[in-house]
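After this come two complexes, each holding chain A, first together with chain B and then together with chain C.
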Partner chain A sequence: MKQPTFVPVGVSGGIGPFRSNWKPLFKQLLVWLSPFVVFGVFLLFYHVNPLRLYGSMVQSTFGDLYGLGEVLLKATPFILTGLAAALPAKAGLVNVGGEGQLAIGALFATGSAVFLLERFPAWLGIPIMLLAGALGGALWGMLIAALKVKGRLNETITSVLLNYVAGYTVAFFVHGILKDPESFNWPYSPEIAWTLRLPIFDGTRLHVGFIIAIVLAIVVWYVLAKTRLGFRIRVLGSNRHAAERAGMNVNRTYFWVLVAAGALAGIAGMIEISGIEGRLRPTTGVNYGYFGFLAAMLAWNHPLKLLGTSFLLGMISVAGNTLEIGSGLPASSATILMGLVLLFILGGRRRAKR
Partner chain B sequence: MITADILTGAIRSGTSVMLASQGELLSERAGVINLGTEGSVLAGALGAFATTVWTGSPWLGALAGGVCGLLLSAIHAFLVISRGANQLATGLTIMFLGIGATSFLGRDFVSEQIVGFNPVAIPVLSDIPFLGDILFNHDPLTYLSVLLVPCLWYVLFRTRIGVILRSAGEREEVLFASGINPKLVRYLAVLAGGFLAGVGGAQLSLAFTHSWVENMAQGRGVVAVALVIFASWLPSRAMLGAYLFGAAQALQLTVQQQGLGISPFFLFMVPYVLTLVALLIVERRKHSNTPEALSRVLAGEGGG
Partner chain C sequence: MVHPDVESYPYLLKAQGLTKRFGSLTANQSIQLEVKPGSIHAILGENGAGKSTLMKMLYGVYEPDEGEIWMDGETVSLHPPTRARAKGIGMVFQDFRVIPAMTVLDNIALSVEKGWRIRRKSLRNRIVEVSSKYGLAVDPDAFVWQLDLGQRQRLEIVKVLLAPGTRIIIFDEPTSVLVPQEVESFLQMLDLLRRDGYGILLITHKINEVLACADQVTVLRSGRVSHQMSREEGLDGDALISAMLGDKALKPVLKPAPNSSEVRPEVLRVENGTIRGDHGEEVLADFQLSMRHGEIVGVAGISGSGQRELAEALFGLRKLASGTLTVHGKPLRGGDVRAFMEAGVSFVSEDPIKESVIPGFTILEHMVLDGIPVRNKGVGIDWRHIRSELENSEEAKSLALADAGRRADQLSGGNVQRMVLSRALIRKPDILIISYPSRGLDIGTTLTIQQRLIELAERGTAILLFSEDLDELFKLSDKLVVLAGKRLLGPYLPSETDKAQIGARMLKGESA
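And then the complex of A and B:
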């Protein structure tokens, strides 16, 4: 991303302290409201009152503890796959591999849970399962990284292609050696041991994975904003040639940033299994990688702002379910709203400077 | 027999990718990479299918498919060319919007049935043993798509229009100097690309599957984008690459029917892995025809 960003310690495009903030604020507001207006018009065609929908969206989010828990639950994987997009973006890479990395992470986590950790106590089993998920995601990220560094292939295209391969890999295992023997013909893995399930907050379905995601977001932010490593990554992202001339090993940075991104998305996969689903299905976490990418874009790839945008996308996802139950519109209508939000944000930005 | 099946299938299932990649080639030659091609293919597939259901005419359907693909690519063109948005991110968003919008709008069409395009055997030529069946027994859109390739090559490399289009992707200053607006050229190239991707989608739903299924493009648009790079921006090579992808698809179907005990999921992966391998091989040989404006985008500078 070349656009000037609101990084706490800005290498790229610092914001002057004396600029009037009113006009940009108004513009921001317009950019954020427009997609909801457009989507509202779209809803009117289907005889759904948009104001009532948006009202019930807010209501179901902040109305009770359970609703809030549902939104946070949905936001959790978006935070992690969002980090998997935001971290490489800071180094100037467009990584869309979160989708596949989440899938492989979930696969590794389930595999380790079913074949290895059955009898482990929770305090040991859950961390190992988490590491397995991270490892799976990291390996998938490494594939993209190797193609980038050794094969000099653009990471955007390879990561999208590999997402399809990852999906089929998961399908291969849940139809094969990871299939639940008691499932008749349904393709899913056996249920993991209850000791390996993440603890849940009372009165909701929200699990500890949410805390893990927030902690990781803060860690990524800290590394990017406060450490020498993070500084190097941001220098590389804002001016590759400067980084090269300063004697940085560009390829090595690219490689490890992509691997770390994979690990983050892999953890999202583990959390989906251990926190919510309890078993691996071919549909586990489908589209979460793309949602995370969108969340990261909305947050200008800022790890802490990402928490907010993930929350917003979580709200829209939950609203998608409300739409389906309440007005018979399919859940996919929520993805239209998300796409619109993003298009307006992308188009509303100041022009990238050459 | 099996080889003939696979080769016929290569063309039949490769055509949609081929049309999309020719379109993408136009837009990339003008300096705009459009990952939204995936969305355009889907929009084309649904638009064509719906129109055919309503009017009964697959030709009107194909046209409508092209227009749907064009409309989606128009969003990309506006954001990228006029607003200077990041090309790769915008393309992905369009892809995403395309998947969402088509699965939403298409849910009433999932159970519909159409006649669509059927293979038309070309007299005399289709009687040639072995080759006749493979090459001369296809749907009309496939024949047209094959004719398109030399035309595209001619326009790109032998006409003034082609020079203008290519300079938009190489050095827009040159166009400025000769009084042509490079933005306009890019707009037209992206729109034409979207139209072709839409027609590719139409071939998918009207001639290949004769049905509409949610997210039926299955990454064909993304593969098309990758193939253009594999083809080092040459129409004939993009055609070759698309048929290679089609062959992998056909191989998968054939092997499944033969019941050789290979997991179908491995076979599903083959086309994507093959595309990656093809990209790797080409990247090893250094090539210099990357349009200059594009190389900036691919190197991670976003561009606009």
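And then the complex of A and C:
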């Protein structure tokens, strides 16, 4: 029988061409604006003018080079930890472990910088330090992967739990052998050599780590969208049964995808040390893994859209500072706005998918 | 149970001018239909003729774009299904809406019981009463995962009968999951329901069943009523076929006579094989199986007798609990699907929508998974080459495969079946394990695929054919085996046995 050559317009269930054109656009707008409206109501309770705040948010982001640099700076680790969530998601895995993988990556990077790379020139030292960070994250990812493949343990659970282990592991080292002897007993590492610091763009605090993050996002996108490996990963992520029936080694793919995700988050840890902080503290990169996970969810795990959502989250983070300075609200109240954005976007998508 | 007012109107339900469109596609166009009390109304048609859409409108899943439905002398709106159920319309779906982890009783309670408490005792009595009245043997305390498809269907029917006020029952392809003996008792049960005044809508594409039981027939073609007749006017099988197919002619399937003098090399052999199911239980014990070059081996059995497990074991998806499996004389271990594929084995699974369709991927992208060999282009895949190979493939054309760019998860069941079958045919494997090839396909396509399988075997492929249709098995197979009671019986030669014998072995095992 000849099948009708009817191509559904995005949503199944027969929505006419008229409705499909402008209504989703309006819906999209509503979805993006609603969290700001709700957060505005919240601000009104504290006698803060939301319009003025949002205005200053935009102003401080796009107003000058420094502001823009701050936002991009904030967005950088989100991109990488976001990739650490998005790549496994394409293989059907939920990696919430970006947080811990970043921490261990930062630990390895700092350790290598302090004990090994002190006198290395920048052109050699920085790449080695980057590899050390990637290795640390990869090893942490490998723990999750081994538990998944050998122990049949759910990677969502193990990755969350290992985040705590990672945090305490970092604390163990900065209280112990990695502690700066001149720190008056504060738990942080010695400062890494200035040759190991990432180059910075003039007039900002923004470092080349930002470029690294963008390049890696493009690489991940290219691998997923254009290569045979990426095709296999996407098949597995969409239907595990079909992947098995196509003769793929499901466990091996799971394993290496989780390891690669760990490496990406580990690089974020290295960049935090080498680009911003210069030394490891127990608080280095705290919550960046979760923000990255959020950015990946908002981007529907698309590596390039992730660049945009990371930027948005970076903007909101920076706005938190503005909020604190300008109105006396704690900077963390901006996380309320982040939560609202997530809620509305995921809720909106869920409805649209029906 | 049946509404007391049935006598006041000559029909339980009357549909007039029902039309349903999906975008630019008109699935149903001005359908006229009447369901009378105490009568069976069969809806006949090929895949995509609009049967399902029509039933979904009558069960309230879809709201009609045009037309009206009359019940009890007034127009009614049946959307959503809760409203249809409140009006006394029940539906027995093809894919049963049951919860495997729960018992039969609890499944029924879920849809029948109202209020806070589940009164299991009275419900059990009602279940026993209904099932003995209509011959619907089903154990209220069995877990649904333990039941075969036939039993699950009986559970669904009991559920519908126990729902308060049911007077119209819609059956969606009910006999597709039943063995011949079960079909007979199913038809008897329909007759009992008819005598008790239920109005029955029977969706099917099997003409024998229509001729055996229907009082009225409506034939759909391309979304329109192409033919309507009643038993008083006389039902005629040929007229029904031509009403279903239009002017398309059917080519009979031809199988060349086997050349018995020739001894063909063995390609697959299982010795003393034992297979365990998902719950660790033994599904098949100590069986022998041998397949030869170019031979079609048909596997008969009541659904759930180990067909899925056997097929998966022969493709390496499942390990043999004991015994040896050799392909081309080389022993293979389960768990390594790639080794089986490299040895020339291909597999069409019994549930392609769940196990083969990758959501969001196009037909073209599905083709490289054990079908058209991947041609590399740098680090990527040369999709244009694969597309042209697919579009030039005679196999895909003969099965009327949908456009290569369409998303597979938006295809109908029949089109998914066409996709996985095309893929297996294009691959031309040494050994093909194929489960239920004609499930969900219309007559025309079924005949095409049967002919294709015969041609494939002539070119040397050994085919293990799982089917629930004994006619198909007898038509295609060089030898038959039967799965029953954890054993693999046979092989039997189709020329030396008959359907009744095979059917009896399916039910009773070796003792038959």
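Here is the rule we go by: the second predicted complex is superposed on the first by the 328 of 354 C-alpha atoms of A that agree within 3 Å, B and C clash if a C-alpha of one lies under 4 Å from a C-alpha of the other, contacts with A are read in each partner's own complex, and residues count from 1 in each chain.
By definition in this document, contacts are C-beta pairs under 8 Å (C-beta built on N, C-alpha and C of every residue); 3 or more make two chains touch, one makes a residue touch a chain.
Fair warning: this is a prediction, and the values are worked out from it, not measured in the lab.
Chemist: Have a look at where A:H175 lands relative to chain B and chain C in the superposition and call it first, second, both or neither.
Modeler: First partner only, chain B.
Chemist: Check whether chain B or chain C contacts more residues of chain A in the superposed model.
Modeler: Higher number of touched chain A residues: B.
Chemist: Give one of first, second, both or neither to describe whether A:F231 is in contact with chain B, with chain C, with both, or with none.
Modeler: In the superposition, A:F231 contacts chain C only.
Chemist: Figure out whether A:A145 sits in contact with chain B (first) or chain C (second), or with both, or with neither.
Modeler: neither
Chemist: Have a look at where A:G247 lands relative to chain B and chain C in the superposition and call it first, second, both or neither.
Modeler: second
Chemist: In the overlay, answer first, second, both or neither for which of chain B and chain C A:V94 touches.
Modeler: In the superposition, A:V94 touches chain B alone.
Chemist: Of the residues on chain A, which ones does chain B touch that chain C also touches?
Modeler: 1-3
Chemist: Over in the complex, which chain B residues touch chain A? Could you list them?
Modeler: 35, 75, 78-79, 83-86, 88-90, 92-94, 96-97, 99-101, 103-104, 107, 218-219, 222-223, 225-226, 229, 263, 265-266, 268-269, 272-273, 275-276, 279-280, 283-284, 298-304
Chemist: Going by the contact rule at the top, pick out the chain A residues touching chain B in the complex.
Modeler: 1-3, 92-94, 96, 147, 151-154, 156-158, 160-162, 164-165, 168-169, 171-172, 175-176, 240, 290, 293-294, 297, 329-330, 332-336, 338-340, 342-343, 346-349, 351-352
Chemist: Using the touch rule from the top, collect the residues of chain A that touch chain C in their complex.
Modeler: 1-9, 12-16, 226-229, 231, 234-235, 238-239, 241-242, 244-249
Chemist: In the complex formed with chain A, which residues of chain C make contact?
Modeler: Touching chain A: residues 21-25, 46-48, 315, 317, 337-338, 340-341, 347, 349, 354-361, 365, 369-370, 374, 376, 379-381, 400, 402-403, 406, 410, 415, 442, 444-445 of chain C.
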